[in-house]
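Next come two complexes built around subunit A: one with subunit B, the other with subunit C.
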Partner chain A sequence: MWPVIVSGLAVGASYATTALAYNLMFSTSKVLSVTTGQIVMLGAVAGAWLMNSLGWPALLALPGAILVGAAFGALTEWVAVRRVLKRSDEHLWILSTLALATMTQQAVALVWGTEPRPFPRLLPQSFEAGIADQKFWLPIGVMIAAVAALEGFYRRTMWGKLFQATSEDPFAAEARGVDTGRVRMLSYVLAGALGGLSGFAAGELTFAYFALGLSMTLNGFIAIAVGGLGSSVGAVAGGLALGLLGAFATYLFGGAFQQTIAVGALMVVLLIRPEGLFGARGMRAV
Partner chain B sequence: MRFLGGLGATLALAALPLAGVNTYQLHVASLIAVYWILIAGLNLVVGYSGQISIGHVGLLAIGAYVFAALAGTHDVNSWLALIASGLAGGLCGLLLGLPSLRLPGFYFAMATLAFSLIVGELALGLGDLTGGGVGLAVPGFPPPFASPAGFYELSLALAALTTWLTWNVARQLWGRALLAVRDSPVAAAGAAISVYRMKLTVFVFSGVTAGVAGGLFASLQSYITPDTFAFDIGMFFFVCIIIGGRGGVVGPLLGTVVLTLLPEVVAPLARLGNFFYGLLLLAVVLLMPEGIGPLLAAIAARLTRRGRPESRVVSPDLDRLRAALADEPR
Partner chain C sequence: MRSPLGLAAALSFVLATAAEADDVVRIGWLSSLTGPLSSAAIAENQGVRYAVDEINKSGGILGHPVELLTRDTAGDPVKAVNMAQQLVFSDNVKFVIGPVNSGESLATVPALSKAGVLNIVIGSLEQLTDPAKYPLAFRTINTNTQWISTANRYAIDTLKRSKVAIIGDTSGYGASSAKTAEALLKQMGVTPVYSVLIDANKTDLSDELNKAKAAGADVVMPWTAATGLCARILNTRGDMGWNVPIVGHPAVMALPIKALLNKSEYWKNVYASGYVSTTFQDGKLPERTQALVDVIKPALGGKIDFTFWWVALGYDSMKVIAYGAEQAKSLDPDKIKTVLEHTSNYPGVYGAYSWTPEQHNGFPDSGMRMNAADTFQDGSYQPAPY
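Then we have the complex of A and B:
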């Protein structure tokens, strides 16, 4: 039973960090970017490429993967978000981020190949460690560190306060002299760095695989939809619950219907509590 | 007038097999017609009511598998199987739409994406029904629709019928209501339009067309596996509509024809696949979010009017203005 729980928690932790990246970008721009999962995928692929093909040590490849993620976050903001937000059409950002995500996934498939490639061992450890294996504990550790760092950032730093001000009311923030464009760019870079780190840490579990992006986009989204948009606690709870559900579904029924069960659970939660478990109730439409 | 034009164009296209077109070209032409049956229905959902469904490939797959299982495995009459495909598509559209159409835009897009992934997973998992990864052989239609030319005429006729149906929906009160739902759900609800029921009705209709298209698609491909219904095709349907322009029928039709032909004519594009569709989508969203439809309309207006529209300089009548100001009590 323990291996099922631990592997579920580990997969759930990578969903949760993806959900945190979603939240970061959403807070400043009110955009749910389809590229979020692709950032995680790029982190894993960049890490595997730097270490396997270029022979970099893990300590150097880690900042490399984070940089790649941050750069892609900035690219998302620059290409797919900034221009579209200027227009008033509500749905255009779905299309632009979807387009960028599709291009990224296909580009990686063409250059890197469509087979999952192994991710090297980050820390020296025996392969017989069982549930103490690093591939389970690295993603969980990164998730805990990310939540702690984000909470500290929001509560204790000036930039964190600026994020919150922009999130609450961009017009009021601008009137008080906040450069909301800069805040938004920074939030995308931060989310990119977080996604890159998450992809790197979970690489041994997920492998470096081009289709990882789409599944992370979907599962990270399910985590925030279940947990509640904009809440870190919700992202963690939603991600872990989803990971555990997937692990137990695989344990009981085999792996064939994992997606079906996850989405079924999402629909049930959304029908009963549309704002998610920890989300704030939505505003009235009028 | 437009109806007659459409009828004429359909008849002209129906004469295509007589013009000495080879089998491969007929196959591509049939493929365009089959895709258009789905896209015409999807156009009402995406272009008119503004719901971003990227998962219609799931409904296509359901129609295809129902047709293959009935007509292939159980030897049911092909026509009955095709009707069953349409019904199954409509039913699954209803089941998908009931919960997900209540959700806001991005949530709905993700729900349809998840739906298409689920269908792929089930197609692999339920091996007894779908043949699993090995796939299923699919029979054709009875003569005279057994030959490539016959099949082409059949899909063309169904495509024309679907076009006529969606065209009617689009230009009547219904189409206006859908556009209102797209542009402002709140204002639409204020004008006594039942937003949710409106969305659900067109979504179920698009499910039926997707199911019928799926049955035809399976028959055209003559062998289907879960890989046939990759996420790429869902993206392709979607891009056809966005490029053609939302809120029109002609634009998406042109988009379908051009985007189906392009990879056949320019081989390297087929290898790029989704990258190319993504690039097109990004370019359209950033450069001309209205699509090519309005652009074409503007060109057509130019051509029919022959020459520039009369320009008139509007200048203020200063004397009258001064007189009016002088009359103003101080």
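Then we have the complex of A and C:
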């Protein structure tokens, strides 16, 4: 039973970190970027490329993967979000971020190839370590560190407070002199860095595979929908619940039911609590 | 003096005859050169293109040069069927090779057959050929049943195993193959002790392999074409220290697996259905395979890092069209159909093909051979121990 729990937690931790990246971008732009999962994929692919092809040590490849993620976050804001938000109040960002995500996946497939490629062992450890294997604990560790860092950032730094102000009311924040455009760009860069780190940490588990992004985009989205949009605790709870549910569904009923049960659970949660488990209930003046 | 009308008629006759002589034979090639299933297509494309070059250098088909119209379907059945229709109705092709994947072929085979196009099928699912429903569809690749039966016989009769664990993936192909494998084993009097379908992207397989071990499995048979899943099966077995033989789909011996293994020795005791044509015997490949390797290898930079039977299959699929047309002395698909239906042991590189009016699957059982996965060399393998 322990292998089921640990592997479910590890996969769930990757979903949770992806959900945190979603939240970061959403907080300043009210955009749920479809590129989020692709950032995670780029972190894994960039890490594998830097270590396997260029021979970089893991300690150097890690900041490299984070930088690639951060750069892609900035690109998302610049290409697919900023211009669309400026010109339209409609949800056209769904199309623009979907287009960028699709182009990114295709480009990686063409350059990197369509077969999964190996991700190197990051720490010296026997492959017979069982549930103590680093491939499970690295994503879980990164998730815990990310939540702690984000909470510290929001509560203790000026930039964190600017994020919250922009999230609460961008017009009021602008009226008080906050450059909301810069805040939004920074949030995408941070989300990109977090996604890159997440992909790097989960690389041993997922391999460096071009199609990873789509699965992360979907499952990260389910995680925040279940946990509650905007809540870090919700992202973690949603991600871990989804990972465990998928692992137990496979264990008890077989892989054919994994996605059905996971998405079915999402439907049930949304029917009972449309705002998610930890989301704030929306108020509308009438 | 001849009338202007007569001159015009004579001129148009001469021009028409000249145009006919110069007319090219357009052959459509539906190939998933990009997308998640591109490895096989890229290799097959090498064979198809080389065969076209060879045919054109020797004067074309019935004196007509071949023009290859390659369409990248990206592994998408919707794109595949749209491109097939474009090839038929816009480009006026009479011959189509492909698509590469069975899922795409399920969509294109009926459409091409209805349009009167001769279709060389290179997907392995059984239902892609049916002389009554698709009279112009001829298969060059082996069927899925041939892969599965070959592996089953090896596991049961040669390795003397009887407690089988079947692992499929949740794709249509994986689920259908696992079901077929189970049914064929039952025909041999063996009921699998464990059978499971797994999401191809599942990251940890220790539950499944522990359950297989607890069920008493003495052989694991994977039926999936997903490289990542195959590698994880091998890694999990190795990490568990469970040296049970793995016998199954050719994907378990594809070269990309090697790089994904935690340890290179995890590729030992792994056997897959392969071919006589790409199996070394006493250190040598069959003559026709070696000849093709010799001409294609330099063009690939002196190294073949993909399974060579894909190249041979692409090469043969093009050559079969040329053979049919030359024998029929016509480019009419119906006449070529008649020739192919009376073809016995046409000597290709990948295999010796025979088709009949009742049987449009051309690859013979005798062309199948089990291979040892860890012996990959220039796209071919050593035979599995018998």
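Quick note on the criterion: the second predicted complex is superposed on the first by the 282 of 286 C-alpha atoms of A that agree within 3 Å, B and C clash if a C-alpha of one lies under 4 Å from a C-alpha of the other, contacts with A are read in each partner's own complex, and residues count from 1 in each chain.
In the analysis below, a residue touches a chain if its C-beta (ideal position, glycine included) is under 8 Å from a C-beta of that chain, and two chains touch if they have at least 3 such contacts.
Since the structure is predicted, the reported quantities are computational estimates derived from the model, not experimental observations.
Look at subunit A after the overlay: subunit B and subunit C clash there. Shared-chain residue A:A201: touches no atom of subunit B or subunit C. When both complexes are overlaid on chain A, the residue A:V11 reaches subunit C alone and has no touch with subunit B. Of the two partner chains, neither subunit B nor subunit C is touched by A:I140. Legend: residue contacts after superposition of the two complexes on their common chain; A:L20 is shown touching neither subunit B nor subunit C.
In the superposed model, A:L190 lies in contact with neither subunit B nor subunit C. Judged by the touch definition given at the top, the superposed model places A:L98 against subunit B, while subunit C stays out of reach.
In the superposition on chain A, no contact is made by A:M51 with either subunit B or subunit C. Applying the stated contact rule after C-alpha superposition, one finds that A:A256 touches each of subunit B and subunit C.
Once the two complexes are overlaid on the shared chain, A:Q106 sits against subunit B and subunit C alike.
Once both structures are placed on chain A, subunit A residues 106, 110, 256, 258-259 are touched by subunit B and, in the other complex, by subunit C. Residue ranges of subunit A in contact with subunit B, taken from their complex: 32, 79-80, 83-84, 87, 89-92, 94-96, 98-103, 105-107, 110, 214, 218, 221-222, 225, 256-260, 263, 266-267, 270-271, 274, 285-286. On the subunit B side of its complex with subunit A, the touching residues are 50, 52, 54, 99-100, 102-103, 105-107, 109-111, 113-115, 117-118, 121-122, 124-125, 185-186, 231, 235, 242, 271-275, 277-279, 281-282, 285-286, 289. By the touch criterion given at the top, residues 3-4, 7, 10-11, 106, 109-110, 113-118, 127-128, 130, 135-136, 205-207, 209, 211-212, 215, 247, 250-251, 254-256, 258-259 of subunit A touch subunit C in their complex. For subunit C in complex with subunit A, the residues that touch the partner chain are 34-39, 169-170, 175, 196-199, 201-204, 206-207, 210, 227-228, 231, 235, 238-239, 241, 256, 259-260, 262-263.
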